[in-house]
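Some structures are shown below for you to check.
In what follows, subunit A forms one complex with subunit B and a second complex with subunit C.
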Partner chain A sequence: MFKLSARRRARTEAAAVITLAATFAVPFVTSSPLVFSILNQILIAIPAAFSVFIMLRMNLLTFAVPAFMAIGGYSVAIAAANGITDAIALAVLSFAIPAAVAAPLGAMVLRLKGVYFVLVTFVLTEITQLTLFEMPWLTGGSNGLVAIPPTTLLGTSLSSNRAVLLLATALSLVAALIAVSLTRRFREHFDAIGENALLAQSLGLIVWRYKALGFVVAAGLSGIAGYSLVNMLLTAHPSSFSPISSVNYIAYAIVGGSGSIIGPIVGSAVLVWAANLFNNHGEYSPGLFGLLITLFVLVGKDGIIGILSRLASAPLASDASSPGRHSKAAAVS
Partner chain B sequence: MLKVDNLHVRYGGIGALRDVSLNVAVGETVLLIGANGAGKSSLINAIIGLVPTSGGTIRFNERELVPISCAERARSGIGYSPEGRCVFPSMSVTDNVLCGAFGRGRKRQLQALDWLKSIFPLLADRAGQPAGQLSGGEQQIVALARAMCSLPTLLLLDEPFLGLAPIWISRISNAIRELQRRGTTILMTEQMARPALKLANRGYIMRSGEIRRAGTAVEIRDLALAEEYL
Partner chain C sequence: MDSLLAAVIIGVSLGGQYALLALGFTLIFGILGVVNFAHGGLYVLGGYVAQAAVSKLAIPYPVAVLAAALATGAVGYAFERFVLERRIDDHLATLMLTLGLYLMLSTGILVTFGAESVQFAFPVTGAIRGNGYYIPLENLIVLATCLLAIGAVYLLLFRTDFGRASRALADHRAVATAQGMRPHQLFPLAFALASGLAGLTGALVTPILSLAPHVGDPVLATSFLVVILGGLGSIGGATVAAFLVGLIEAFSGVYLGGSKGALALFIIVLVMLVVRPSGLLGRETRGA
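After this line comes the complex of A and B, so read on.
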């Protein structure tokens, strides 16, 4: 995985937050339903991709994002159906409940490494699906929970298309701030675990503690994505959280670039937009989408941000032929 | 400071260490020499907690280490520089060194870093460079500095000269002497016994997972010469 220099890292973190903050302006400059629809999908995908991003920082590939999205989404739907419709309360709930569920789960699954961890997180998503279908008294079973009351803020209903988009933007921004805070505060810890967990342990790092922290926060971010999705659809249905959708969230993080916080935003934007574009080609759509992901992975294993970073570093790298510039060039690569 | 008694380590059905006992006093530098597979690294790894023991005790400053985790052992004042350097390749030199003092607080980490930069100027010259881009000798300096960053009372060095050119062996030796002058207690393993014995007060010769001989550096040099370790 590529690593940015400290200065570039700070710039990309600022760019991620500014990009999402700037999205607040979109509903005021256009009312195109297509733009609203695609942007909503992107903004739902971003917190989910952040969830994958945090786990990848520790070299853990998780397929559990849809499971925690479902827990967050259904929690919000149940709360709204029971009269709690305040946006802030629901946002807190959508983060806290998946995080609380993840804490004891993490104690079990984080003992596993590599392919075993991947398999268990996938099974976790399958079990969540089964639970959604088999507990109709709570989840509505195969019908899901429908006609969920719209979210409110200070007593005002957020049911218009513009309000839904603004809420999705706010939730994405909150998710970005959480992801930036976490990965900035514990950058060395996560990097060390990602590169060599055993070595990190021998240097005094209590590895399980940081893995658990990452897992819990990642679950909370997935829950926020679940809230955003349920708020857009005003329905919580098992099919919205299918296990196979976890592949998309992983693709968003990897194609965008898992070495930088802005990678999941870029990956989500590019792939959601491309998926919508390919939808015009009917049965060829999944094939074209798969081809695009394959192309990105073959051309740039560090994702779009990795490619852009290398291009931006190229002039400095060529300067490195002069002896005095060696360390500077290497520092930015 | 460190007392190992009747230690046993097994990898599956194979005994890597058998009934190993040694002690290291405050301020000493003790050398473990032996051929490949003698059990030197297994002993160091057992002390830091990277491999489980199957019998015996390890006491550090009167505290039994066997029941406590690897990370807790490091936090109790043991610095560790593993065999083959093992830097975090894509992390910067500065970040690598700071990783040596996890959980000690940012202020103490940065104070230790400043001190280490005064001993190893390389750390300042290459501060932002990914450690994986350094030469083997430079990486060894980073690994040594990282092990020192927590200001440990006991430093475990596993083959610090492995695969290094003579110029780097000399530089690393000077760095170890500097640490000795500052009162650091060191337990090191080395196949290249000749340069390592110049640094040691005492030594042990290991073979087939057992300690065969013990003595002062001079005695060990003579024994090692007789047994063709040098």
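After this line comes the complex of A and C, so read on.
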């Protein structure tokens, strides 16, 4: 994976936040339903892709994004149905409940690594999906939860298309700020774990602590994506959180580039937009995702951002091999 | 008593199908260290190849089943030889490459055959009826074929040079390579064998269940269940676990209904992964 210099990393982080902040202007310059629809989908995908991005920083591939999206989305739907419609309260809930569920789960599953971690997260998503069907008294079972009251902010209903898009932008921006804060604060720790967890541990890094932190925050970000999705649909349905949909979020992070925070944003934007090119044949988009995943894994390992970085400047590889990386990681543990 | 017998018959029949599916999956992990997300896609491809051979080319069903196994085996061989081999030592990369193959396969099938399920009936109908039991002939034939195929795989792995070399590579790739085994020749063959088994299962089972582009998703989930329970890479474990999963599914289907059985199975597998990643009969696993 390519690594950016500190200066360039700060620039990409700023670019990520500024790009999302600039999106607030879109509903005021256009009222195109197509633009609103695509942008909403992109903004829902971004926090979910951040979730994959954070785990990939530790060389862990997660399939649990739809599980935590479901927990966040259903929590919001249940809260709204019970009279809690305030956007800020719901945003906090959508982050906190999946994160709280992830904490004990993380203690169990983070002992695993490699393909075993992949499998356990896949199994978690399957269990969540089946649980949604088996708890109709809480989740509505196969009917889901419908007619969810729209979110409000300071007593004002956020039910218009513009308000829904603005809320999705705000949630995406919050997710970006959380992801940036986490990966900035613990960059060296995550790098050390990603490169060689055993070596990092032998040098004194308390690996499980940072893995657990990343897992919990990633779960919270997925929950925010779940809130955004439920808020757009005003429905919480198991089909919105199918286990196989995890592939999409992985594709967004990989194709965009998992070496930089802006990668998941670019990947989400490009792939959601590309999927919409199929018009009435959206079912063909997985083939495009599959082709792009294959191409990027084989020839463009650092995703779109990695390729653009190489084209734009001198080789960045020298940044990746700075001496004493593990020592530094150990020193800060 | 009748329902108990029915559950046992269904369970054993399902177990045979799952064993055949899981053998391919666990072979690929055991020998190559690759988790094959395309396994469900190869199962569906096998079903469609057999269906097209029967309906469009008027080929007899048994020959169509063989053709399906060969066609999926060829896809598997080419994929390993030209794509997977390039990143074979990076487990995340191989996982994503098989994921990419699955997405392309399922979309290709969707574009070619459409989204609706297609008509594909088993050529033999009828049942053996007795006092308190009813066994469809098609299930019996599929079970017998699955058991034959499983036996053939065991013979191949334990009685041939290919099998011995493959198991040596699975045990310790570096030592086996130093001893003269050639992973670059054996890996595509192993992948072809596993893919062929997935295609064979698809061709045998889809006429009984259903054939549509996305029937591979639950197949992949079931393969995961079986191989994790049996121990990733363990051939004996996968076979035992397949029959266990088949019986649990059948009993929960008869006595509990809904998806409670599947939920219970996934929870068992989750616990198994956490406390004993090597599975029921597994030994030391690859980097759990």
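Note that the second predicted complex is superposed on the first by the 295 of 333 C-alpha atoms of A that agree within 3 Å, B and C clash if a C-alpha of one lies under 4 Å from a C-alpha of the other, contacts with A are read in each partner's own complex, and residues count from 1 in each chain.
Simple rule for what comes next: contacts are C-beta pairs under 8 Å (C-beta built on N, C-alpha and C of every residue); 3 or more make two chains touch, one makes a residue touch a chain.
Predicted, not measured: the structure shown is a model, and the values here were computed from it.
Judged by the touch definition given at the top, the superposed model places A:N196 against subunit B, while subunit C stays out of reach.
Shared-chain residue A:E188: touches subunit B; no touch with subunit C. With both structures placed on the common chain, the touch criterion links A:A6 to subunit B but leaves subunit C unconnected. When the two complexes are superposed, the chain touching more residues of subunit A, out of subunit B and subunit C, is C. After overlaying the two complexes on the shared chain, residue contacts for A:V207 are found with subunit B alone; subunit C is out of touch. Once the two complexes are overlaid on the shared chain, A:V297 sits against subunit C while remaining clear of subunit B.
Residue ranges on subunit C touching subunit A, taken from their complex, read 29, 33, 35, 83, 86-87, 91-93, 95-97, 99-104, 106-108, 110-111, 115, 217, 221, 224, 228, 232, 258-260, 262-263, 266-267, 269-270, 273-274, 277, 285-288. Contact residues on subunit A toward subunit B in their complex (touch as defined above): 1-3, 5-6, 188-189, 191-192, 195-196, 198-207, 327-328, 330-331, 333. Contact residues of subunit B toward subunit A in the complex are 48-50, 69-71, 74-75, 80, 82, 86, 88-92, 95, 98-104, 125-130, 133, 146, 150. Those residues of subunit A lying in contact with subunit C across their complex are 59, 61, 108-109, 111-116, 118-120, 122-124, 126-127, 130-131, 133-134, 243-244, 247, 250, 254, 283-284, 286-291, 293-294, 297-298.
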